[in-house]
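Naming follows writing order (A, B, C and D), and every chain is counted from residue 1.
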Amino acid sequence: MTEIQSSAGVPVIAAPPQEPHLPPKEWLKKNLFSNVGNTLITIMTSVVILSLANGLLGFAFGSERQWNAVAVNSRLYMSFAYPEAQYNRIWFSFATLLVLAGLSMAIWRGGTRMPFARLAKSAYSFGVGLAIMVWLAPLSTSGTVKWEIAAGGLLLAGFIFNRIAAQDEERSLSSLTLLVGTLASIIATLWFIPYGRHSFIGDRIPQVVSEPGTVAFSTKLPWTIMLFVLVGAYYLGIVLRDRLPERRTRSVLMGFWLISPIFLIYLVLRDPAFTMNHVLYTDIPLVLGFLVVGSLILYALTKPSLGEIGRIIAMLILLAGFGSFLTPMRMIIRIFLIALGLFSLAAPTFSGDKSTRRRYSSIWSGFIVIAGWLITAVNTPSTVEVPGDLFFGGATLTLIVAFFTVILSYPLGVLLALARTSNMPIFRLLATTFIEFVRGVPLITILIFFSVMLPLFLPEGMRLPEVTSVTIGYALFSAAYVAENIRGGLQSVTRGQHEAAEAVGMSTSQKTVFIILPQALRMSIPPMVGHTIGTLKETSLLYIIGLFDLLYVGRSVIPNQTAFIGSTRENLLFVSVLYWVISYSMSKASQRIEKRVGLGER
Amino acid sequence: MNETDNTITTTRSGRDLSDAPDIIVCKGVSKWYGDFQALEKISATIKEQEVVVVLGPSGSGKSTWIRCINRLEHHQEGDIIVDGVELTNDMRNIEKIRSEVGMVFQQFNLFPHLSVRDNVTLAPIWVRKKPKAEAIEQANELLELVGIPEQADKFPGQLSGGQQQRVAIARALAMEPRIMLFDEPTSALDPEMIKEVLDVMKDLARSGMTMMVVTHEMGFAKEVADRIIFMEEGQIVEVGTPEHFFTNPTEDRTKLFLSQIL
Amino acid sequence: MTAPVEQPPSTRLAVAQRVPLWRDVVVLKWFTQVSLLAVVLAALWLFVGQAGNNLRAKDITIGFDFIDRPVDIQLSEGIDTLPNSGGRALWVGMVNTLRVASVGIVFSTILGIFVALSRLSNNWMLRKVGAMWVESLRNVPLLVQIIFYSSILATLPRTSFLDPTAAAGPLNQNQGPIHNWLHISNKGVSLPRVFIADGFYQWAIVILLGAIAAHFVRKKRLKQHDDTGRETSPILWAAGTLAIFGFVGLFIHPVFSFVGPIMGGIASLIDSLTIPMTQAVISIVAVLLALRWIRKFRTDRRSGSGHLNLSDDDWFRMIFAGLASALVIVVIYKWTGLSSWLLNSGQDLFRLAETKFNVDGAARPFDAMRPDVLKPGNFANYGKNGLTMTRGFAAVFFGVTFYHSAHIGEIVRGGILSVPKGQVEAASAVGLNRAQSLRRVILPQAFRISLPPLGNQYLSLTKNTSLAIAVGYSDIVQVGQTIYNQTGKALPVMSVWMLFYLACSLTISVVVNFFNMRLKLVER
Amino acid sequence: MSKLFKLLALFLSIGLVASACGSDSADDVTSTTAAPTTEAAETTTTAVELSQGGSLLDVVIERGSVNCGVGATAVAFSVIQPDGTSAGFDADYCRVIAAAVLGDATAVTFIPLTSSERFTAVQTGQVDLLMRTTTWTQSRDTDLGMDFGPTTYFDGQQLMARISDGFSGSSDIADLEGTIICVNAGTTTEKNITEATLLQGVNITLQTFEGSDEVYDSFISGACDVTTTDGSALVGRMAKHEKIGEWVIFPATPISKEPLGPVYPQNDSVWGDVINWSVYATVIADEYGINSSNVDDFLAEPGEIGRLLGTDEGELQTVMGLPADAFYQVIKQVGNYSDIYNSNLNPVGLFREGSANAPAADGGLIYAPPMR
């Protein structure tokens, strides 16, 4: 659903040629009033827009609107029931992501130079727009005056920028400076303007009272620190950028981006209460055992001259892995056995000289350590006391479900796409059936199936939380679409590439891993970005399942609070704007990145 | 003519290859694409160190034949034996032959996502299982050999056609093949770049590499070939030394072809 | 080096025997596939077995008996708001889904083209509005939009006979923005309705004949054009022919009432068939089809000289065809109900056709009615005369139409922009004017480029109507959910959902592919 | 290239871990999930401990908190507050149990459940106690795995409409002819109204919505003429929107009986007794007029009051496995029935006087067996 296809289908649209700079009068004439029809259209659209804006602003700022419902409940919206005493964990997680963001911005050389002339133009248009908006909005007189002054400030800024531009055409401002400046001024307002002045008090009998700026005042310090963290990380990145090998740094950073959400969720936010006994006497020996034995096996299996014996051993290990389901055994052992089987099956593909073999073994070791640690952490109960069933809710749940959907569906999608394009008819048949089936039914039916029916398919005594069932449903659904995007990429790899790889003697798996996939994945980046944004939007369907996502909080939880009954429209508007901001900025950013790395051109 | 084993004893360059061992033996090789018979009972033997140029009008099955030799295409009847290994469904044999037979394509088919050096070292590292350092050293030598050592860190998209084709030759040579197959290596090149590729191929021929070349470059055929095989409609029409072929062809179809092309 | 030529010439067969099994690529290929298939089947087997155990333990039965059992369901709208059986209720839901989906497809396309054109217009204001439309609509989740529209629509004024605040006094026939023709309130929108009446089916036969005639007229005019070079406007002529037939058909359609008895005859014929006969016929047809396909396949693979060459994949295809036919036979014999259902529904269909054709000669093919406002009890409600769009329908309709119009607009715009500039130049070089080049050169090419993604949009629009569940529109998902809440038959209801949506998707992709193929043929 | 491989390996590892959804053998501790929740772990623990033959009471005491299933969107009964905790009549009864068992009214883990999840949650032991406006019916009570406690709130399905549409307190089903009725999907409410109108041959249009918020939104805006649900919720809404005098609730005799009360796992009479008598304690305290502000004045009283507050060694309570001052803590920390009722339901316009929830002495149904 949604826009999965749009970015795949639409050819990259060339930017219209830069118009020569026209004086305002001529510009108006050319673009708005070139002939009678044009003039009519201009007038009509202006009227429509102004009345629409009037309606929307009248709705948004009408006196009956309870915007307090949003302000007071901002905690519910963001982290739902996460205990306030443990907020440092959330701030720490946020700071970690910001450090990564800052480093990435520096190392990928993010940001562009914005000429002052352009800045002036946008300041002018924002100023004029704001002025009109304020004029249309039903604000109190003092409010109108305040906002008009703000609009005037913008116009003044535009004027100053224009003067600077007039002095020197080349003068420009880094977009990052602009970003930090904007963030800084927003955060600065936290120190002076008491947003969300109201809060609930009373443990049993909820009551809204006026307090001195709870939301703003409790978060102003952390937000300020966050800003400094971001800027500091950026400068650290600049320092590191020149001292480290670029490609390796980038791939390490990519790895951090992938692993840090899981690390933050399971270790920082959940704070598992590891029982030392269990960890010391069960988990660590298990992991160590698999690490040592597995590494040795893999080192042996990557020997180039091994031949078919390797495959047979791999099959035996895999068989043992699947067979272990017939006897009671720790799940972790089964997982590790199957993983070892898969690694051994792939071993001939990556066989080579001693250093290559050592590297392969060490990748296994890394895998087993990460996987063992994760499984242990996931299995350990949390120490953070959450008032409620769900650890996360609101925006956090939305983001986490989207993240896991992406993480699970991408590898699955790649496998499906490979199966669908392989020359093995049964693989093709299975993959095609799955993909076409999933693409043929609506997401909501799949989600309902997974939330209602999946428990029936599980062995007795095993119970999945609903979030997990639904996330699996999301991932399977999304995988079918990912597979189609990747298939597009796979098909764009020419026949000649296959032949060249075969001609130098590569096996099918080597050809796929070294030649075909890297090219195909690169080709499918633009549609995949679109798909990722689509996934984020689709998480709103959690509402229908009855999970406390952003939409559920806004649509059902808050409008039922005794103090804010009937505040549905405010909350819906807020949720819409939030979604809009996230997905709009994501798509803009990805477009910029695509343009920069020259993707999308074939 | 078609059915005979086309072996020669002496070559134009005076090399006597009659004692040389057979390296490629084709016996009654046939191939169909649906209704269309692309190869019809091809039989030929190629000796070690021999340079064979395959000529013929387009659609005559030349490319299909040499692609059958390293099993990019599967023949359906007859036998192909390369360096003593029969081409069958045996995985080990296919692997062995692929790494013994290098191939250069009309469209270069370089790997666009890898640098020139990685293009050349990829197969030696992962297929020949060479240590990385050794593979890089060898790649540098080979790039030197084909005359573009300075382009090693560039990507294929940044090179000219001639340079790309030379990288492709280096990539094939990196596998240390005993046989090189060339599938119209100069057809996609601008005229001014053809020479640089042909020069590399000539050097290679002089160094004693067994080569099978499908080309339209008559000059190259005259100068380098030990033997010329002329094909039409999936059959071998005529086989002979360059002198014989260009000056005194026996078959009418050959004459017609030469009159059109020269 | 040993010279291989010295060995006796080996045949392929002899060599193949020498290849050890574990090194034969063909054997390996099939071994991998079959073992994966085995793993998949084993997993499915486990899951299904587990599900069976769990269902037994929880005493849940699965079965489709709810389809013809009475249910206590009231639907908010549809062709039947008090369905007498579960099957009927689901059918009403399907019709509702199809209703909103088809209308949504039409309107989102129209709106999308407008959006694309406005984004390409040379009026700055219009361009910006188009961009705002696209960027604001496609970045907000559809579900949020649908819920939002629903709550906005709820703020429309209310209709009530007794509402003292209503300025015009009690509501009556003469109310609404356009008296007697259009009513708007938060209970929905009611418009005049044109509908097909009893005589329609007879009239449709006239139109069918008209279409055949129009086809020949068009051919003739085309030939004339080719011969003489004059502008003969074949399309206009064909349309004219069709229009004449349609018009004449309005008066003469009763002559086709003889079709009714024919349909009745077919129905009786079906009635006389027995279940074993049907089973046998279907099985034979399945086997024959499979055999025919295999024979055709083998002929395709046979070379001109009669040489047959089959790869292992080809063998798989033939075995698969055979397996499919075997599966059909197993299903048809295992499920006797299926055959009787086929017989019954076939008979019902023709009986229905019989009654449709056996109508009074005075019946009109079409009829129209103006919307009416009823007063059942104390309430103003829209009657069945008008075409009434309820709030739920409107919310879903606006949601999918707006959301997909943004996407379709981008697709169409991309299609237009991707027509190379050279095409326009070439068109003007051969003397076409701007409008001609747009119509004859740019739009056809743009359409060809945008057709596949458009098809995908239609598909996802149809599927997105399932979000109606959030605003209480009785689409198939909502009805199904009510049914399984009442009867506990979640699995059967879900399989009905999936089959229904798969059928929709299949239909849409068949239609889109048909046009796609045609356009490709035109291109050649 | 090796980067690609590392990424693939990473994906693979994450995928494998995430797909490792728990174990089906007893020796593994818990189940693992891709999504971060602790419920699975707790469930398994409960199941294991219960199978060893103990009562849920011991489990709760050892755990130190009561897992209480509540609703998320039931106005005045259980709603989620901005800090994520629950508040309302039902939520307070969760606190009553916590105060009785653990001596701390705040030792509750509120688990908001949807109406379809709630029974599974009790059956699987995800919650120790369900306080979620759940109607006591025969089929539910005899169903596998659940028992019902004393009714805390007597409710009944009623309808709400506008007086301006000609409705009054004496209207009944027959007056619904031609109305659009909005109702929550998949509830007994929906079934009841369908049944009632079909029985009387009244033509209505039924619009069903997933959430009650949409139902009320539609009613308030006038898109629906009538809405129907439990009378308590209707009264709450009417008061909340300040429409008394504009809207009316009818028929006087509800079209269904909806006694709401606690639900707990079956075959655990120790735990059941604790819940039943904690509820009764609030009623008895109410009968004597003992509330949280004056409870300390009654500590010296003899007789039933003494037995209630545990001043006589608390024999009755300790037999049940509770601390002697269990009910003192309940009254002190949460309050008696009236306290709970008035603080939560008065603000939404629900008053005990004259309703079925008045004390038995005043003609209501709220009544407790004697404590002796």
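The rule we apply is simple: a contact is a pair of C-beta atoms (placed from the backbone, for glycine too) under 8 Å apart; a residue touches a chain by one contact, two chains touch by 3 or more.
These figures come from a predicted structure and were not determined experimentally.
Undergrad: If I average the Cα coordinates per chain and compare with the overall Cα mean, which chain comes out closest?
TA: Chain nearest the centroid of all protein C-alpha atoms: A.
Undergrad: For the chain pairs A-C and A-D, which is connected through the larger number of C-beta pairs in contact?
TA: Here the pair linked by more C-beta pairs in contact is A-D.
Undergrad: What whole-number Å value describes the gap between the mean CA coordinates of chain A and chain C?
TA: Taking the average C-alpha coordinate of chain A and of chain C, the gap between them is 34 Å.
Undergrad: Distance between chain B and chain C based on Cα centroids, please, to the nearest Å.
TA: Roughly 54 Å separates the two chain centres.
Undergrad: For chain B and chain D, what's the span in angstrom between their mean Cα positions?
TA: Going by mean C-alpha positions, chain B sits 82 Å from chain D.
Undergrad: Got the chain B residues that touch at least 2 other chains?
TA: 92, 122
Undergrad: Tell me, which residues of chain D touch at least two other chains?
TA: Residues 1, 116, 210, 217, 220 of chain D each touch two or more of the other chains.
Undergrad: Counting only residues that touch at least two other chains, what does the list for chain C look like?
TA: Counting only residues that touch two or more other chains, chain C contributes 23, 147, 151, 469-470, 481.
Undergrad: For chain A, which residues are in contact with chain D within the complex?
TA: 72-73, 75-76, 80-84, 199-200, 203-206, 247, 251, 254-255, 258-259, 262, 265-266, 269-270, 278, 328-332, 335, 338-339, 342, 350, 359, 363, 366-367, 370-371, 374-375, 378-382, 385-393, 400-401, 404, 407-408, 410-412, 452, 455, 459-468, 471-472, 513-514, 517-518, 521, 544, 546, 548, 555-557, 559-562, 565-566, 568
Undergrad: Going by the contact rule at the top, pick out the chain D residues touching chain C in the complex.
TA: 116, 164-167, 175-180, 182, 185-186, 190-191, 194-195, 197-198, 203-210, 214, 217-218, 220-223, 225
Undergrad: List the residues on chain A that touch chain C in their complex, please.
TA: 1-6, 8-11, 13-14, 31-32, 34, 38, 41-42, 45-46, 48-49, 308, 311-312, 322, 423-427, 429-430, 437, 439-445, 448-449, 452-453, 455-460, 533, 537-538, 540-541, 543-544, 551, 555, 568-569, 572-573, 575-576, 579-580, 583-584, 587
Undergrad: Which residues of chain D touch chain A in the complex?
TA: Residue list for chain D touching chain A: 1-43, 47, 65, 72-76, 79-87, 91-92, 95, 106, 108-114, 116-117, 120, 124, 126, 210-213, 216-217, 220, 237, 240-241, 334, 343-344, 347-348.
Undergrad: Please name which positions on chain C make contact with chain B in the complex.
TA: Listed in rising order, the residues of chain C that touch chain B are 1-5, 9-10, 12, 15-16, 18-20, 23-28, 300-305, 307, 309.
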